[in-house]
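Next up, some structures in structure tokens.
In the two complexes below, subunit A is the common chain; its partner is subunit B in one and subunit C in the other.
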Partner chain A sequence: MMAFAEANLPETIAAFPLMSAGEHSKLINDTQGSGLESATMTVSGKQTETENTELENRLFTSKAYCKFQASKFVSQLGMEWRRKFFAQLDSLMDPDDWDEDDPVVELESFDTFLRMMVLLKPDRLPGLAVSNNGHIVAAWFVGKDRLTVECFPYDKLRWVLTVSSDGGKESVAGTNTPLLRLIDSLNPYGPARWFKKDVKN
Partner chain B sequence: MSKTNQKIPNEDHLVRYIKPSKLVKDENDNVVGMIASAFSLREGESNLSATWMEYFNGGRIAQLHAAVNTIRNSNFKVGKNSGFAVGNVGEVHDVCIRCGKKIHILHDPEPDNPAHVSIKSLPEGEEDILFELLASDAWSDLHLNCNIP
Partner chain C sequence: MTDLKMKSYRRPPITEAVIEFRMAKEITRDQEKKIVQRLQKDFPHSQETDEYAIVFNPKKHASSGMAPVDKRHKAVRLTSDDQTDIAIVTLNGVTSARLAPYLGWEAFIEQAQKVWSAWQKVVNSNLIQRIGVRFINRIDIPFTSDNKFELNDYLNFYPETPSLSTEPMKNFFIQVSTTTDNPYWETQITSTRANPQPIPKHASLLLDIDIFRVAEISSKEPDLWEIVGEARDIKNNLFQRCITKKSEELFE
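After this line comes the complex of A and B, so read on.
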């Protein structure tokens, strides 16, 4: 199995520091008056209504924050990634499909996810889902091999993988894994099978 | 008809509603599966809910459609882009036993869903491998809401 190449990890994500709760609040307030609404509507390709239900407001705020933060990572991850990621967020946080009992994605979870993407720089983009705790979940399903990573605040991860081989199926999980330990944790299972395209294991 | 709290036979099947937020899509927006937390208990929940497919008459497809439409017509908001996962009762038990957990799958009719099933004694908290195996194995037969008339 191919060992996943490691970049200069600390410096790669140190360029995008974690934000405090106060900084989050200020950024949200600034974002709401910044005209990002227009960018959000443009990227989604459809006009959103101005009806201000609480759920719609919460989803909009969460989505706008993530798009704003993600835009900072374009130099690392590319415009094509940004385009696809924005479309995924629009789909994931569609108010028409959102269960009102579910928590909206935590902003700090988005931060961890974005830093994880900078760290991994996968060729194959993950699917996105939301955990019962309101955390972003990145999922790579390739054939029968599955990797899901739940992004907790402050660079903590919870992950589970299933890999199939001639010996059968193996499932492994990790909890409270620091972001910088993720690659080491996954290396025994050939993470290139998920992150690289056209890899044979 | 079954009595309330009667065990569902191992050869029968359960239909579980999967929210859009639990479905995973690939880069081309195709649904490729669901995450494990689609089968885990939320805070305050003691039982996992599902619908008993063989409660309804007809072949497998007719039973699936009947189960889905019962869920749609219940006091339950079904998302446009949601899914329904079909799992075999025996396989669900097997996964749980392999993970050291014994569960109970019981007919528990509700006023708006006579085929409602409660899955009891599922572990709370971090049982990631158990729920991952349910999502990827025992309960992995996924049908999209938009494809079911």
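After this line comes the complex of A and C, so read on.
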């Protein structure tokens, strides 16, 4: 049984929620409403793309977004993964390696990549690259066996693998594969060879 | 109320931890810029955020169908290189925040003290009107074969409804405000489902515990940090009460 006490604190001081620092506080604040009568929009707390199209700013925004989003997954992937991944990102987004006209990473492609990493939880980190259309590409190479996955927005993947066996080389590809179908698609080809350490083919 | 012993977890569920100091007196934009300059050593990346107000007055704007947009400066948001430590400076106060991975109370307070110190060195009058301490937790529940689970298996803080349908609930939002057992502190506890779901094959629940105080706030140290320490104890107590053993197993 609940007893309701009369509120005696000025709403403007007490009840107004703390400013959003991250995505979850913004979700909750937006859901409960600002309590103000005028239609006031607030800008998200995340770093957003600015109108300045200078390459360094675009790369920073892209990198900042990915690091911000990565905080959602650290409990699943661990601190060591985070440390290595951030080092990879810094290297990938080094302005010295980019041309002014190169497209930077599409933000939703990052989301797909991060969710893929949570699903796979690989012991081996992939090499990272960016496709011509701004998608993150993750690649694993073990001997002559390779797996390349291009991360499209909204949990869609394109993948290509090459495996060697006594019969020779076999190449297989998948397009528009839903993220949740990736493991089933790779299973016939022994994906542990790429994802697990100390696995002999 | 019996104090429940706070446990430490191998995988703490905290996704956002926030301390906010809201001041009685507004500062100037010039003072705000000086505070931001002081903070830039630890928070090298900054971005101004603005607030937009659209007020449509039928008498004034009906003929054109257009209403003016009033842009107002809201805050300066500063972040560390890894985007995990955040300071927000407004004309009314300052906020220190940490996203996951949460590294413990001591590290969190150390950052808050730096942020507060930057404010103090610029602003002469430091009458604090409100202190808020807010922790948002995310509980990731692995799907079973039928993708269903009972909320009360994981939370002691959930909506209780009559049988509305044979279909499972899609979403919920529950919020309770009350005074805590320490009469100086109020709390607002919120629970909802994270949307979109960040972790594949998991349902994620959010548990938001917001503790605030508007009376008897000393801005002198160390009294101020002792007061903040009270909020920590209250928050921990409330958190332990809101979760179940099944949730705790997910944090181990």
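The definition used in the following text is that the second predicted complex is superposed on the first by the 148 of 201 C-alpha atoms of A that agree within 3 Å, B and C clash if a C-alpha of one lies under 4 Å from a C-alpha of the other, contacts with A are read in each partner's own complex, and residues count from 1 in each chain.
Basically, a residue touches a chain if its C-beta (ideal position, glycine included) is under 8 Å from a C-beta of that chain, and two chains touch if they have at least 3 such contacts.
From a predicted model like this one, the values you see are computed outputs, not experimental measurements.
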Touched partner set for A:K84, first subunit B, second subunit C, both or neither: first
First (subunit B), second (subunit C), both or neither touched by A:A139: first
Subunit B versus subunit C as contact partner of A:A173, first or second or both or neither: first
Contacts of A:R181 with subunit B and subunit C, given as first, second, both or neither: neither
Subunit B versus subunit C as contact partner of A:W98, first or second or both or neither: first
Subunit B versus subunit C as contact partner of A:K156, first or second or both or neither: neither
First (subunit B), second (subunit C), both or neither touched by A:K196: neither
Contact residues of subunit A, present in both the subunit B and the subunit C interface: none
In the complex, subunit A residues that touch subunit B: 84, 87-88, 91-92, 94, 96-102, 124-125, 127-132, 137, 139, 141, 144, 146, 148, 158, 160, 162, 169, 171-173, 175
Contact footprint of subunit A on subunit B as seen in their complex: 19-27, 29, 32-37, 40, 42-43, 77, 79-82, 126, 128-129, 132-133, 136-137
In the complex, subunit A residues that touch subunit C: 5, 7, 9, 13-15, 17-19, 21-22, 24-25, 27-28, 31-32, 38-43, 45, 47, 60, 64, 67-68, 71-76, 79, 82, 86, 115, 118-119, 179-180
Subunit A-facing residues of subunit C, complex: 11-13, 15-16, 18, 20, 22, 45, 47, 49-56, 74-75, 77, 79, 82-84, 86, 88, 90, 95, 97, 99-101, 129-130, 132, 134, 136, 138, 140, 173, 175, 177-179, 186, 188, 190, 192, 194-195, 198-201, 206, 208, 210, 212, 214
